[in-house]
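In order of appearance the chains are A, B and C, and numbering begins at 1 in each one.
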């Protein structure tokens, strides 16, 4: 093995990868959330669709998308690999009585579980939106005109608005944000610690930022579908021969 | 002479103790009763009472490691009621006193659990992995004699104090025992950061952290996921900051050392 | 046998340098042809193992612990002395030498003590280079504090954990040599006998404490660094495993045992709280720097206090007797340990003791807390205060500590010459295991100094002198002496297992401890000692006919380990009593009530007893033979110790 592979297959090396990918994914969450918030504008999805188009066509963003996907996959792989290694280190005979709740936070001890929940959500989520918006073969999007652009763009908004009228989907979405919140609660500060960024002057601020970040991100992500579910102001455009969209929308409510 | 509470009544307790003949046999929990336990007894003195009773009855006493009984040798290592060294913070098993328990309590006593700490017998485990990690680099390579005057290198007091705090680790293994991942990072980082903080340790800082981490992984300890149980249960209060220092040392060593292996 | 201490000729200050020049050297290429066994991995053992391995010898290091780092040196709290004179307060090698000789009540060898003082300065350099984090001043230089028996500040320390830090330094040096393959480490291995081939120590027999296997190990020389025997008293500040077995086995194979009755009773320990007590905990002597020792001035007040009718805070300043400050204005609370201990006992004997048993005096920090604040006290003694609170359930910041003397250190041990060699050629003893440097009383912070001096700076030279005169041929376990020794060990273990009586090893140990403390403890009388001798003989008989053990010898069996150690204590105890009976004087830790000044101070008899009593084993149940090594004082004048 070369020094590089040795470094990143060591226990600390693996953790460094988890920290770097994790913190990178945090930055993606911010962008994602800002765009999602556009849906709450009362503009029939014009802003949202504009930014969705931007994300889908800008070459820099598209390049970053590859990095993001890689980051996500590595994060998942390393997370699972670590979980397996750590379980092996703990051994087959566990404690008969173990009060770990008295020495640590639940979120910290359950990152693998939380991560797995998020992975399940992600699969559903990506199938629903991302794959569809990127690959026409998977259904594609209806086209709409938005202000400031002279060409029509994909109507992702309608897909979202339609999805957010499905009770089980909204529930899954909102509950998954709780998992996300807990995952970030530990993950944010943990990333800094792994990278050695612990200093008695700054660490309290890192902790506070991490806790605030996890609450704000997860709450805002969760309220968007809830608002769109309960408010009649957010409706998908009527279907125009797009079969996939119809299959998702059980009872397309017409404006 | 009584301690804090001269009127404290003797206690009767039920003990659930892990019994295991040796490394290659299965173990199990066995129930015992102990009577008239004084609240001023230490936890190990309570076990002494049990063992004397067992021996007189012709049963094998419970094997457990202990020695100095003043919280410094690091021998004692019991997992008591689901906590490493029991319920009291910053306390080794030998310094835990029975006044922390109540009459009629049931106390579960188990050995440290980790693949790298196999059970020798009953509550005694093999912690020689810790020695091998130190042998991998937990030292400054100076031979006896020929050293400069002790006051040759001034060391800022706060640095010396922090190095001292890291150096107070007693290698009991509570960090590994209470970590969900059976990670030894707190133990290893205490030594790495002690020697990284002191100027004497700078010469070998890169090889030291590389070798010690490699040995730690080889011994089969888990990876740290920053849960923090270790520091919370550490009887001498070794701080998580040491783990961050070690991570930093590791990154620096891997990125800048001349070691291509 | 005439004891040859091999003290080099010449002026005191030049002896060691001259000797180093005169000792024979082993050529560097030949060193790897010699094996050395070191038993014990405390300060003396680990430092010797590391230093000898660095020189190139093949070292086999043995410990009954699971790791070398658990040796009881780790528990030493206060500090280590060195004549660095960093404080510019008049310290020097000669002053450290003088204080140690005087503190030891003139029963130690001048030459050894002077060498100890000389190398003390190198120890500090060595430890700092190893990364031992000693306490420092704000300027970044090393800090010192003062200790009992000295009027200069020469004690280096690492908060209340100096022994831990020094041992971890030696352990790290040892670990480095293990990594290099120069030291082979045998953990959980207890030495049960030494093997003598043609009159020379050539190996040891051990028992693996996990598997129960009896093993043979050979070498060109054997070093015992196995600590002291304070646990003969059952209750002491020693760790639970501390025992006399290794030196006692060596004694029975021909090594003389010197001054066994010289035991140190440490004045500042946490008092006994009940008969279940398994050990006593020391509160570092350094506490006497800032704590004031007192008892109520009148018996009546003390009695009301014990009954709980009044509280400590109810006792007015004028009703308190700060007896050390009153009796010894020059040294005050910092008188040597034996003096402080005896005075505490006197106060309790007068009925002025505190605590419900009346066997305690106060160590009070109220004045210091008032003067410097609780934070200052905490930064200096925090861990000791915490420990006290954990054990007693009382807060020493709020009320004074209760302390009482307890057995702490044994100045006696295997007789060694200037080279630290016992009367058996090739068998060495270092650290607390030998008798050499502390006379009848050890000063605080000197045990760490001696252990490391022996291991780092003395044995590496002196053992070479012996090895250079030994052929560099491999030593194997083929000689029949190994088989014989192993058979003896097996027979003894099996004998212990087969008694099948009714009493546990601990019961016998407690009974022995009671006899020793009562009759051979802080104050001894001829009558009491004779009585004790009979009691011990009786107890030993009972032990060999009524011991109860279960399990087998072929596995981990902690009760069996304990039984073997108690068996040896039962023999040592009698020798201690004999030695105390023989020494018709009071000196240092040996206080015979018949020999005291009108003020109750120890009264020496330099005419008759300025010698080292070296006892020679004559066979089981035979009286041991007394050999005398006369002590010659050419540099200090023998005076009545005065700390007034």
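By definition in this document, a residue touches a chain if its C-beta (ideal position, glycine included) is under 8 Å from a C-beta of that chain, and two chains touch if they have at least 3 such contacts.
Here the structure is a predicted model, which means the values were calculated and not measured.
Of all chains, the one whose mean C-alpha position sits at the greatest distance from that of chain B is A.
No other two chains have as many C-beta pairs in contact as B-C.
Closest chain to the protein centre (all Cα atoms averaged), using per-chain Cα means: B. Taking each chain's centre as the average of its CA atoms, chain A and chain B sit 39 Å apart. If you average the CA atoms of chain A and of chain C, the two centres end up 65 Å from each other.
We define each chain's centre as the mean of its Cα atoms; on that basis chain B and chain C are separated by 26 Å. Residue ranges on chain B touching chain A, taken from their complex, read 16, 18, 27, 29, 79, 81-83, 87, 108, 110, 113-116, 178, 180-183, 185, 213-214, 216-217, 220-229, 232-233, 240-241, 243-251, 254, 259-261. Those residues of chain C that touch chain B in the complex are listed here as 47, 50-51, 54, 65-72, 74-75, 84, 86, 122, 124-142, 158-159, 161, 163-165, 168, 171-173, 175-176, 178-179, 185, 187, 210, 239-241, 271-274, 276-279, 281-282, 308, 355-357, 359-360, 386-387, 390-394, 402, 456-457, 460, 502, 504, 506-507, 548-551, 555-556, 558-559. Those residues of chain B whose C-beta lies close enough to touch chain C in the complex are 1-6, 21-22, 38, 40-42, 44-45, 48-49, 51-52, 55-56, 58-61, 63, 65-75, 88, 90-91, 95-97, 99, 120-121, 124, 126-128, 130-131, 134-145, 147-151, 153-157, 160-161, 163-164, 167-168, 170-171, 194-195, 198, 200-201. Interface of chain A with chain B (complex): residues 2-3, 6-7, 10-16, 82, 85-86, 88-91, 93-100, 102-105, 108-109, 111, 186, 189-190, 193-198, 200, 203.
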